[in-house]
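Two complexes are shown next, each including chain A; its partner changes from chain B in the first to chain C in the second.
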Partner chain A sequence: MNHSHHRRVTGALVAIAAGTLLLAACGSSGSSDSAASSDAAPAGESCTVKVGVATGQTGGLAYVDVPSLEGFDIWVDEVNAAGGIDGKFRVETIVKDTRSDAAQSATVAAELLGEGISFLITPGDADPSIAAGQLAQEAQVPAMSWFGSSPVLPVAVGDFMFSNAFGDNAQARVLANYATQQGYTTAYTLGSPDSAYTSNLPRYFKEAFTSNGGTVVGEGTYTMGQPNFNVIADEIKALNPAPDVIMTPAYEPDFPTFLKAIRGAGINTPVLGTDGIDSPTTLALGETAEGVVYTTAGVLANEGPMGEFFTKYNAKYGKDPEAIFAVTGYELGNVLNAAVTNAQSCDPVAIKDAITNLEGVQGITGTISFKGGDRMAIREIALIKVTGGERSLVEVVIVDPATVPAA
Partner chain B sequence: MMSTRRGRTLASIGLWVIILIVVTLIGSTLPSATQLLVTTSLVLLTGVMALQIFSGNSGILSFGHVGFVGVAAYTTGILAMPAAVKRTSLPLLPEPLQEVELPIVAAMLGGILAATIVGVISGLVIARLGDAASIATLAVLIILHGVMVGAEPFTRGSQTFYGVPRYTSIFVAGITAILAVIVARLFRDSRIGIHLRASRDDALAASTAGVRVQYATLIGWIVSSVIAGAMGAAYAGLLGAFSPKDFYFTLTLTLLTMLIVGGSGSVAGGIVGAFVVTLVVEALRRVGDANEFFGLTNAGLAIIILLTLYFRPRGLLGFREPEEFLAYRKSPTPPDADAAGALPVRNENPGQTVLCGHNLVKNFSGLVALNHVSVDVEAQHVMGLIGPNGSGKSTFVNCVTGVTKPEEARLTLAGEDIARTPVWRRARKGLGRTFQTMRLFRELTVLDNVTVSCISAGMSPHEADQRALQILAVLGVAHHGNRLAGELPYGDQRRVEISRALALNPRVLLLDEPAAGMNPAESRELLRQMETILATTGVGMLLIDHDVALIRSACDSLTVLDYGKVLAHGEPQAVLDQPEVAAAYLGWRESDPSATQEIGATGTERKSL
Partner chain C sequence: MDAILTYIVNVVSLGGTYALLALGLAVVFSVLGLINFAHGELMTLAGYALLAGILLGVPFWAAVLAAVLVGGVAAVIMETTAFRPVRNANPATLLMTSFAVAMLLQVIFQNFISARGQAVPVPSLFTGSIAIGNAQVSIIQAISIVVSLLSLIALKVFFDRSRSGWAIRAAADDFETLRLMGFRASRLIAIAFLISGLLAGIAGVLWVMQRGSVDPLMGLKPVLAAFVVVVIGGLGSISGAVLGGYLLAAIEIALQTWLPEGLAPYRDSLTFVLVIAVLSLFPNGLFGKRVAEKV
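Here is the complex of A and B:
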C-alpha cells in the first residue's frame, strides 16, 4: 500500500474553519476561463475533443481515480451544456478501467490511443501513469495523471506527460521554508523506504532545508504499519544537538502512533507533516496533535467556491463529495478547458503545447500553471496548523519552480 | 508415436509450439491494443509455466516466484538501459554498471541468471522444509520484495524504476513463452520430474521408492526460477517502468489463478488457464467499460475460481496432459511373453544372508515397540514375520527401511552397514517395501508408479517404462498401465505396490500384509507370482501377514513377535505348533489349548485375524 500521499479518510468532513481555505482571490466559479496567453491561435474549426480515461476504477487506486472521474464528469456535463469548450469544442470521454494494474494500464491506453483520442487521463500514481504515458508519448498525445505527485512521473516519460498534482518536492519546499521562517535551524526527519512518498519527501525536505541554511541532525526510518515507535522516540531524545523541528511524511496508522510515542516520551518539538495526514483521524488526536503543521492541496468544505462545487456534486450524485480528488478531478477539466481554448484545436500536439504554456488557470482550490515548471502542476499549497482540534490556515503558497528540489 | 513417453512428450510439445506460433503470428497482425493484450498474456503464460514446473509437479503452492520475476526484471532493466538514461534514472548506481549497456538478448540472459542464482540460494532452504515449504515461499516473496525496496541504488527503492527500453514485442513474448512451455513439458517427464510428481502424491512412499525428495524439489525450484526469470526479463521490456509493488501479491494471485483454473498438474492446464483467464477478464472488461460498469472483471474472476474449485478442484484439465488422457483407456503394448525372465538376478547365492537386522530397539514415548529384535533375511528365501496387532511387525519394517529411526540397531545389507543411510538410498541399495495401508501415487498412472522406482534404479525414463511394463506383467496388472493407480480394484493396487517395490531391483523385499483384502483365489495367485519372482531374481523376502495358510506355504522360516520381543523363531510349522505362539497370536494366554490345535491344523482354509 504505497500510492502516494493522500491517505485521507475524507468521510463526512466537518465543515471547518471556513475562511481557511478561501483561497486568496479566487472568487470566480469553478468553471473555467483561461488567463493564459498563447501564441494567438487562429480561431479553429469546431471539432470534438476525444478524451481517453485510462484509470483505476477498481483496485488499489480507486480511492483517487473514482472521485477524480466523478469530478471530471461534472465538468464535462457543464462544458457540453454550454456548447463545448469555447462554445465549439465538444468533449467526448471514453472511460476504461485499468484495475489499478500497470500492465493493464498500458493495454487500455493503447486501446484508447487506437480510437484517436486527443488527450489521455492516467491514474493517480506514477507506475501505471508511466506505463500508459509511454504509449501516449510515442503516439504524440498529451497525457495527464489525476493526482500522481511523484515529480519523477513526467521526467520518466517525456514532454507529453503531465500531472495535475503539485510535486512532492514542492510540498517539501513549502515545509522547509516554513521551518526556516519559524527560526528553526536543526531538523530531524523520519521516512520509510516502503513507498516512494514516504521515502522521497524527507529527502526533498532535507535538500530544501539545507539550502535555506538549516541542518538535518538526524534521519530516522520506520516500517509502514510498525506497531511501536518508542525506539525512535529514544533516538530523537538522544540527539545532540536536539532538533528544533521534526518533519515526517508518515500517515495513518504510523503518524498517530509516532506522535503519541514522542509526546509520551516528553518530546515537545514541533512536528511538520504532509498531505497524507489531512484526515479526521489527525484532528481526533486532540491535545497530542495540537500545533502540528502540514501541507495539503485543499480541504473539502462546503464553503465559498468549494461550496458551489458541493452543490453541483450533490445535484449529480445525490451526496457530498468525500474526497478532495473530486475537486482536483474537476480542476483537471479546467486545465483541459484552458488548453483547448488556447490551442483552438483538437490536435493532440497543439493541446500539448498549450498545456505547457498554461499560466494561472482558475480552479476551485486556486490557480494552476504549467509554464516554467517540470510538467508537474504549479498550484497552491495550503499550510494548515492543528489548533484546538480544528484546522487553521497558516498560509497559502505557490512555490517558485526554480526553488523546488530536483526530482 | 504416442505409444512411448518420449513420443507423447514430443507430440505434445509440437502441438503447443504450433498453437503458440499461430497465436503469435495472428497477434502480430492485430491492432496495437489487441496485440499488446496478446503480448501481455504470452508473458504471463511464461510465469504460469514457471509456477507449473514447481507447484504443479511438487504439489507445493509457491507464492515466491513473482520475487524471481522481479529480480530478473530489475537486472535486465539495469543491463539493457542506455547509459545516458541511467545517469538520470539511476544516479546512485555503482560506476561499472553505469556504463554497461548490453544488447537486449544478453541483458535478458543476465536477468535470468540473476533469478537463477536467487533460486539456487532460496531453493537450498525451501527443499528442506517439506510441509512448511509453501509458507516459506511466501517468506521468499516478502524478503525479495524487501530487497527490491531496500536496494535503492539499483532499483530506486519504492519509486518507479524507469527508462527500460520497451523491447518486448509480441515476437519476443512468443519466443519466451514457447521456450517456457518446452522446458515445462520436458521437465514433467524427465527423471526428476517424474520423481517430483511421485513425491507430490506421497513423499514418504516416494522416498521408499528411491526418490530423493529434497533433491527433486530443489531441482524443480531452480528450473522454475529460471523460467520465472524469463518472464521477468520479458516483463521489464513490456512495462518499461515498474516498482517493487508490481512484483508482489497482485501478480502472484494473477499467476496462481491462471494455474489453478487451468489445472496445476499439467502443462496443458497452465496454458489453457492462462488463455481462459485472459479471455474471460478481457471479455468482462470490454462489457464493463462499454457500460461504464466497473468491477465486473474482479467479480468474474472470483466466480471462475469458485466454479473451478467447486466443479473441477484440480482445474479444467486436471492432473493429466490431454495426450495422457487419450491413452487412458488403452492398454499399453504388452511386453514379451516371458516377462519374468527379463527380471534381473540380484542375489547370486541362495541362502546367503542379505539383510541383517540385529538388536533393534524402538520406544514410542515410553512404549517399547521393539525390544532387541533380531531378524535376518536370506537370498531367495522368505522370512515370515507374524504376531498380534501392535507386536512391532510394521515398526520393524519401518526401522529397517529408515522410515522410523530406531534407538539402537545394527543393520547391514549385503554386508554393508546401512544404519545411518537415508531412506531413499536404502531403497536404491536394495530395500523394496510395501505398506500395511497402501501408499500408491494415486494421481500417477499405474505405469508411472513403477517407473518411479525403475528410475531410482538408474534407468532413463524410456528404459524405465519398458522395465516397469515387464514387472507389471509379472504381477498380472500390465493391462491397467495407463490408468490412474487410485482407480484400480484393491487387490490390483496391492500388486502395483509390490511391482513398485520390485522395480527397485531389490536385494530384499519387505512386504507388509500384501494379501490383506484379497480373496483366497487372489492370495493363491499372489503366492504363485511371489514364487516366480523369488526363483528368477533371487530376492530375499520378509513377509508379514495374518493369513496363516499363506505364511505356512510361502515361508522358509518364521519369526513371531509379541509385545516387541521375539517370541519364537524357526521352521514355520514347528513355530506355529508352539503353544505359546498360538496363545500370543490369538490372545488366549491362559485358556483353551484347542486353539493351538486349530492353528496348527488349519489347512488351506484362510484365517485372517
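Here is the complex of A and C:
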C-alpha cells in the first residue's frame, strides 16, 4: 500500500512541476508582441501615464513591496487630485502581484507591458527585477525597482532599468568608512550565495574596508532560512585574530537568528548591517540588537518633512508607517513626477531619457539624482544605531561615486 | 575534541527538532497515506500563538503551553474541515488539499497579521550560554535538546503502552486490516492529527526561540526538511523518522562545519546528493518496509 502511495505521490509532484513550467512558458511567450503601444500624444499635450506595478504583495518581498506601494499610492492620489503631473498628465496604476517569485515577476511584467504602460515598477530586489526588467528593456519601456539596491541590476538589464535605491556598493562604502573611523582594523563578513544582495555586499565591504587599510579575517556563508547559526558562531569564536567588527547583509528572518546565536554564544563583537534590517523586527529584539549599526535611506520618525508624510499616511491607512520603504515608495512618485514633467510626454522612451538626466529631485529623505550615475539612485544614506530599541541617527552621508567599489 | 563535542551538540539540537517535525508527518502518513505539507503552517501558527501570549503578558511558560496546544487543536480542525471530506479520494487529491491549506494559511497570516516577520521577545533568561566541558552551549540549544528528547521519550511510551499508540503503529503497517478489526477510522485519524499538531507546536516554539521572530513563510523550509527526513527514514516508519531527523542534521552540520568555504554555494546540493546516495542504497528508506510490487 505504501509503495503505491509513494508512486502516486511522485506522479503528482511531477505533474505539479510540469504544470508550473507550462504556465511559466505561456506567460513569457506573450512578451514578444508586447512592445509598448502607448498612444504617444505629441509632446506637451495632456495624456495618461499608465504605470504598471509588478510587485510582491505576498511572499518574501512583501516586507519591501507592500509599504512601497502604500507610499506610492499616496503620491498617486495627491497628483491626480491636482489634475495630474504638471496639471495635465494623469496617472493610472495597474497593480499585479508577483508573489515575490522571479518567474511570476516576468509573467506579470509581460501582461503589464501588453497593456501599453509607459513605466514599469518592479519588486524591491534585484533578482525578480532583472526577470521583469529584461522584458521592459525589450519593449523599450523604462522600469524602476522599488528599492532593489544591488548595482548589478541596471547592468544586467540595460539602459531602461533603474532603481530607486542607492547602490549596495555605496552603502558598503559608508559602513567601511564608519568601521575605520571607529578604529576597527579587522572584520568578519557573513554573506549568502542565495541572492545578489547577500552575496555581493560582503564583497563590496571587503573591497572598501581593505582600501581603508583594514583586513577581513574571516568570510562565512549561510543559506537563507537556515535553521540556526550555531556553527557560524563557533567559527567566529575560533578566529585568530578575533575580528573587531562583524558585517553582514543578512536580513529577517536570518538576521535575528544570527544575532541571537552569536550573542547567545557570548560573542559581543559590534555588528554592522545593511538596509534590509531597517524594520520593527530588529528594534523589537531588545537587548540582543542593542548597538547594531546599519545603513538605510533615512530615519523613519514623525518629525520634519517626514512628519508631514506620517500625517498623510495616517489619513489613508489609519496607522503610522512601519518601514522606510513607505517613504521611498512615495519618493519613487517624486522621481516619476520630475521625469514626466521634464519629458512633457507619456512616451516611454522620452520618460526614460528624462530619468537618465534627473538631478536633485526633492524627495522626503533628501534629494535624488540619476545624472552621472549608473542608473542607481544617487541619494543620501543614513547610518543608524539601535539604541534602547529605537533608531538613533549617527550621520547622513552622500557617497562620492568615485570612491564606490565597482559593481 | 572541542570541535567534536560542539558538532555533537549542534547535531543533537537540530536533529531533535527535525525528528519532532518528521514524526508529526509520519504519524499522519501512517493513518492517511498523506504527506501533510500544511504541517509547517501549524508550526507558524504555534509561533504566532507564542507571540500573542507574550504580548498579552501571560507568564512565559503559559504562553509556551498555549502555543503547543494551539498547534494540536489547529491540526484537528484542519483534519475535520479540510481532509475529512476528501479522505477517500486518491492520494494526489489529499496532497493537493494539503498544499491548498498551506497556501491559504500563509495568505491569512500575511493579510491578517503582517507580511513582515514579527519579533518574538523571548525572556532574556534564555539568551546566554552554559559551559559543558570546554564547549559553550547556548541555553536555547540546551533547551531544545532536552525538550526534543523528552518529547520523543513521551511519544515512545505512548506508542508502546497506549491502545491508540499501538493502533497508530499498526495502521502504519496495514490500516485496512486494522479497520476490519473494529477500530474507528475517524477517531484514530483525529488522534494522529492531534499528536502531529502537538509535535508541530513543540517544534514551532523551539524554532521561534532560536530564531527570535515569526513570519508567514516560516514553516516552509522546516517542512521540506522534515519531508526529506521522512523519505530517508522510510515512509510510514515512525522510528525511521526519528533517526532520519538526526541523520539529516548530522549531514547538514558536517557540511556547514567542514566544507571548504569555496564550496559553500553547493552545500544544499551536496546534502541532497548524500540523501540520494542513501536512497539508492536503501530505496525504501533506512527503515522502510520492502513492499513487493503488485502486478
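Annotations for the structure displayed:
Rule of thumb we're sticking to: the second predicted complex is superposed on the first by the 255 of 407 C-alpha atoms of A that agree within 3 Å, B and C clash if a C-alpha of one lies under 4 Å from a C-alpha of the other, contacts with A are read in each partner's own complex, and residues count from 1 in each chain.
The rule we apply is simple: contacts are C-beta pairs under 8 Å (C-beta built on N, C-alpha and C of every residue); 3 or more make two chains touch, one makes a residue touch a chain.
Just so it is clear, the structure is predicted and the values come from calculations on it, not from any experiment.
Put chain B and chain C next to each other and count what each touches on chain A; the higher total goes to C.
In the superposition on chain A, A:A82 makes contact with neither chain B nor chain C. In the superposition on chain A, A:A106 contacts chain B only, with no contact to chain C. Looking at the shared chain after the overlay, A:Q134 reaches chain B, while chain C stays out of its contact range. In the superposition on chain A, A:A315 makes contact with neither chain B nor chain C. Of the two partner chains placed by superposition, chain B and chain C are both touched by A:T58.
Common to the chain B-facing and chain C-facing surfaces of chain A are residues 2, 57-60, 193.
Within the complex, the chain C residues that touch chain A are 6, 9-10, 13-14, 17, 33, 35, 90-92, 95-96, 106-107, 110, 115-119, 121, 124, 127-129, 136, 138-141, 174-176, 207, 210-213, 215, 217-218, 220-222, 225, 235-236, 253, 256-257, 261, 264-265, 267-268, 284, 288-289, 291, 293-294. Residues of chain B that touch chain A in their complex: 31-33, 36-37, 40, 88-89, 149-150, 152, 157-160, 162-163, 166, 235, 238-243, 245-246, 250, 285, 288-289, 292, 294-295, 297-298.
Considering their complex, residues 1-6, 8-9, 11-12, 15, 57-60, 62-63, 66, 193, 219-221, 223, 225-228, 230-234, 237, 252-253, 256-257, 259-261, 263-266, 279-288, 322-323 of chain A touch chain C.
Those residues of chain A that touch chain B in the complex are listed here as 2, 57-60, 95-97, 99, 101-103, 106-108, 110-111, 113-114, 126-127, 130-131, 134, 150, 152-153, 155-157, 193-196, 198-200.
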